[in-house]
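In what comes next, subunit A is part of two complexes: it sits with subunit B in the first one and with subunit C in the second one.
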Partner chain A sequence: MYYAKRIGQSILVFLIAVTVTFALYRMLPFGPVEMLKIQLMQQFIEQGSSPTPEQMAKINGMVQTYTGIDPSQPWYISYYEYIRDIVLYQDFGRSIFKQEPVFTILFKAMPWSIFISIYGLALGTTVSLLLGAGMAYTEGSRFDTGLTIFSIINTTVPYYVVAILTLIIFSFNLGWFPSGGRMDPATTPGINLPFIIGVVKHAALPVFSSFIAGFGGALAFRGNCIREMGEGYIRVAQLRGISKGRIAIRYVGRNALLPVYTSIMMGLAGLFGSSIILETIFNYPAMGYVTFNALLNRDYPLIMGAFIFFTAITLLGILVADLTYGIIDPRVKGGSNREAY
Partner chain B sequence: MRSIDDSLFTRTSDVPALTRKEKLVRTVDRSLYAPLAVIVRDWRGLIGGTIIALFVFFGTIGTSLVDKPTMMEGPIFLSPFTNWEYPLGTGVMGQDILEQVIHATPAMLQMVLAGALLSVTLGTLIGTVAGYRGGTTDKVLMMATDVVLTIPGLALIIVLASIYQPESPIVVGLILGIDNWPKLARTIRSQVLSIREESYTEASRIMGLSQFHILRKDVISNLMPYISVNFANSARLIIFESVGLYFLGILPFTTLNWGVMMNEAYAGADLTSMQEIHWLLVPMALIMIVSLGFILFAQALDRIFNVRLRARHEKTAGGDAQ
Partner chain C sequence: MAAETHSTNPATMDTRQNDVIIEVRDANVSFSMDRGESRVLRDANLTVQRGEVLGVVGESGSGKSMLASAMLNAVVHPGQVDGEVIYHPQNGDPVDILSLSDKELAKLRWNEISFVIQAAQSAFNPTMTVGAHFEETLRAHGEDRDAGMAHARELLSDLYLEPDRVLGSHPHELSGGMKQRALIALSLVLKPEVLVMDEPTAALDLLMQRSIIGMLEDLQEKYDLTMVFVTHDMPLVTDLADRIGVMYAFEMIEIGSTDNVLDNPSHPYTRALLNAVPNISDRDMEIRGIEGRSPDPVNIPKGCTFNPRCPLATKECEVNDPDFRDIENDHEVACFHWERAREDIPLVARGDDSHSEPSTDGNGSFGGL
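Up next is the complex of A and B:
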């Protein structure tokens, strides 16, 4: 029941996101669809003739290939067709600037985005959980105070400032890491050492920046650990002679993780959005970078497609996190039995 | 044995009526002096409050005290803290960086206020109504909250910004505030769920007070800590996001602000030279200082809304609060 509800909810959110893009496209006065139509009509007018009904049909057809929306139809029919194209045929329209299907462009760029985002998140979460636990176990020590101050200062620094500073220090000044691209152009892609080293070198700074950005969980985990350590059942476990390691992992760690787990899931939603800023700073040609260039070129089909893509990946990530939540917390059950006023 | 007239239910209290002056003194003491005293006596509140006060001061009056930055008013790329006529140094066109920073503050202030107010209002309204009403209203509102929570906010903001091309800082703030409210709505809802079961809320309901009255007096007054802390947090997030978007050039450059300054410095300064990099570092440092101010202030606000702590600083409070 819980799983069915979660999956159903994800599908609903996806459909709502698609509806939002449709509404932005079609419903706004002087929205992207209308602007595109006006642009195409102007080309005809410049050629000396006002468009005939035949040419108008051609213009509408062109608008449809670009955006997936036929402006001459009533909105509910074009809405139905828009959703059908996206869900059944993965047809997100064509990029105006690159003259390629939006889906192909984004699908090629997507793995690279996921690559740096997931590594950043995984590294950031693991390290901050370990440090949080370490701080809780050495509560009040110099290690604890020092890291607490560091974490507070860390939350005042936006991740793109970290990105800019690391880029300036390690790339522009020291020259240790490249300042753009995602692989070494001199190597051949495949499973060979120079290529892999190139990829790792190019990804190092973006991953480091998103690692710093995802570091904030340490303080919350520290607080949870300290609270759990004061509970009665921990004392009982100690009296029963259970080993320290087992108490730390199975008793304290697992219970302290529950509240943090949800905030990690929430972090996912922010993560892929922030890749637009990070990838642009690092000139890392993946989804965020493609989106940014589409913004500069006012390439609306690509922008909207990227938004749907970002939503889909985020939803998938959150869904996986949600479905695995049952493993660490067996009590999950939906619904409540409160009375309504 | 007491007489019937003296029983618990018929006794009336004989508190002397306060004069107008006494009432005024009490109001000032309770709503102004005590919170200020709590803030000032906490070092976090003192530092955070000072930073925010300065931020607001430069955002409102400060611009009229300082000249507008002009081209070639000083030497090119002067390092900071070397010449006190230009305390923070100068940029590529010889413009005074301190003046630039100050004249960029009003736009930042408007963005922060508009965005944080929007997200706090939306979050409180939706969270309270959903938690208090329960039933279908709750389900629908929480569904909407979950939807906004899972849609990648920054991507949506960027799409909106690219279509609307907002020019006024207030509109930018409002757009940025769109994705900040769901967390607050969820926290508030769970708080309201426990408040609605409290005996005083139950009493108000039995007394037949209007729902609006109950929500305002019994529910929202208990939520102030969450609301104000969230205000400070979303103010910080809005500064982060707006500066990031201006830095990349996604938002149109209509007003001078810290993001625009960073953008110009990133493009215009030689980033390997220690002589020029301060142009980029000054706005960065400001963002960090202001967000530190908001974080510290949010932590101090926690203490203001702690009733016992506040009573200790009230002069007019009596009884066991001492």
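Up next is the complex of A and C:
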């Protein structure tokens, strides 16, 4: 029941987001659809004639291929068609600039974004959890204070500053890593070592930067661990003779993870958002980069498509966090099948 | 006054008299703090006989929890324990618990001497089922899982719990009383000789407290346990305990058989404490507190620690710390003026013998709660 309700809510939010895109698209005075129509009409006017009704129909047809919205239709019909195209045919319209379906462009760019985001997040989360736990276990030591100071500085300095600094140091000054692109142009794509090395080298700096962006969790996890270590059940477990390793993982770690779990999953959504800036800095042609260039080129169909993509990913991250939380914390499981006392 | 209400008859007491199971000798617990050393247990000396129930009473911050922790060498970091706690196993040589290695301690605790902590409500890991706690404990001590779990089920039934339901539940699905009883069962799963309980009924309502006392009585008989029951609630422990020790300001000040301590209290503090217990049949319901407050562990009064609050204090009390003296069979007190105390601090008539008043005959009647 809870799952059905939660999934239903996500679908509802997604539809609302699509509706907002549609409204921005279609209803806004001088919005994208109208602008496109005017642009096309101007081409005829420049040729010295005002468009004939047939040409007008042709213009409307072109607008529809690009945006998925036919300006001559009443809004509710085009709204229905817009939603239908997206949900049933994954038709987000056609990029004006690239002359390709929006879905194809985004779908091709997405794996690269996921590649660097997931690695950045996984690395950032693992390392920050380990360091947080290490800091908690050595509370008050030099290691703890040093890392606390570092973490505070790190959270104060935005990740894009870190990105630019790493670019300057490791790419321009030291020349260890390339400053842009996502693969070595001299290699042939496929499962071969030079290609893979090229991909890893190109991804290294963006991954490092998103790792830094996801590092702030260490302090929160440290605090949670310290709080857990004072709990009664830790003392009882020690008295019961439970091994230190099991206490650290099953008792301290597991319980300290609960409050940060949701923020880790939300971080997944956040990372995709930050990818717009990160990928632009590193010239890394993936989702964020494509979106940013679409913005520069006023490629409205592509921008709107990316908007819907990002919404979907964010919703998915939160949904997965919500649905899996019951597994890691038995207390939030739907209580209907349990007696309460 | 109420001798006949105690379960243990004097004959069995005598045979046990010299079968010591735990001996605490000059145990001290201290914490170093910025403003000085905080001594929260001072020169504790006592013996626990095999098979008896020793009640340790005292107000909050009198060091009774520290005494309980010290018995298992489980004083929380960064507390320092010194002295000796000698455990005499049924067969085998006595061991000093305070000088055991971590490994030896891990073997001894729960196996020989078990502990029920004060914070029973948070004694279970919220992300594990109660049953997993039992299994994990058996595994950590290399016990047979099936036999151990069968024993766990029996213990839970003894405590009027449904084994299947409790073992399969997460802690948040149990009530406070159920959690408390599950913890007692968990502490007995390895069949220990001694069970030390630190305020095991704190945070429970009066009915549940009473029914747990009744269940403990039955468990003690069934499994031949030695129990140390630490509480601030004097009337609660009187029905269960064979002997009572009274603590004040981190020291034991009076210890003896329950009858002796209750009927013939000889330390001015014990007498004042008993007078302070409100009595429901007292018409005017006057609360008789003890003037002053208990001392700061960093700055304990010289001489007898109770002297600033004691109506009988003399010069001697301000200079010398009184040693324990035997005043009758199975009754020791640390006071210079114990004879005067009996005359000068009359016990307020406590209706019809208050210490056995709330009877626990119905130990099963609340069991299903």
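The rule is simple: the second predicted complex is superposed on the first by the 332 of 341 C-alpha atoms of A that agree within 3 Å, B and C clash if a C-alpha of one lies under 4 Å from a C-alpha of the other, contacts with A are read in each partner's own complex, and residues count from 1 in each chain.
We take it that a contact is a pair of C-beta atoms (placed from the backbone, for glycine too) under 8 Å apart; a residue touches a chain by one contact, two chains touch by 3 or more.
The structure presented is a predicted model; accordingly, all values stated were derived computationally and were not measured.
On the superposed subunit A, the positions of subunit B and subunit C stay apart, so the two partners fit side by side.
Looking at the shared chain after the overlay, A:295 reaches subunit B, while subunit C stays out of its contact range. By the touch criterion stated above, A:123 is placed in contact with neither subunit B nor subunit C. Within the superposed three-chain model, A:329 lies in touch with subunit C and out of touch with subunit B [touch as defined at top].
Of the two partner chains placed by the overlay, only subunit B lies in contact with A:9; subunit C stays clear of it. Applying the stated contact rule after C-alpha superposition, one finds that A:306 touches subunit B and leaves subunit C untouched. By the touch criterion stated above, A:231 is placed in contact with subunit C alone, subunit B being left untouched.
Of the two partner chains, subunit C is the only one touched by A:241; subunit B is not. In the superposed model, the vertex angle subunit B-subunit A-subunit C (Cα centres) comes to 70 degrees (nearest 10).
In the superposed three-chain model, the partner touching more residues of subunit A is B, compared with the other of subunit B and subunit C.
Legend: residue contacts after superposition of the two complexes on their common chain; A:20 is shown touching subunit B, with no touch to subunit C. When the two complexes are overlaid on their common chain A, residue A:254 makes contact with subunit C while staying clear of subunit B. Between subunit B and subunit C the least C-alpha distance in the superposed model amounts to 15 Å.
Judged by the document's definition of touching, subunit A residues 338-341 lie at the interface with subunit B and also at the interface with subunit C.
Those residues of subunit C whose C-beta lies close enough to touch subunit A in the complex are 72, 74, 76, 106-107, 109-111, 115, 117-129, 133, 136-137, 140-141, 170, 172-175, 178, 183, 186.
Chain contact summary for the complex, subunit B toward subunit A: residues 132-138, 143, 146-147, 149-156, 158-160, 162-163, 183, 193, 205, 236, 240, 243-245, 247-250, 266, 271-272, 277, 280, 284, 287-289, 291-292, 295. Within the complex formed with subunit C, the subunit A residues making contact are 231-233, 235-243, 246, 250-251, 254-255, 258, 328-331, 338-341.
Residues of subunit A touching subunit B in their complex: 9-10, 12-13, 16-17, 20-21, 24, 28, 31-32, 152-153, 155-158, 160-161, 164-165, 168, 172-173, 266, 269-270, 272-274, 276-277, 280-281, 291-292, 295-296, 298, 300, 303-304, 306-307, 310-311, 314-315, 318, 338-341.
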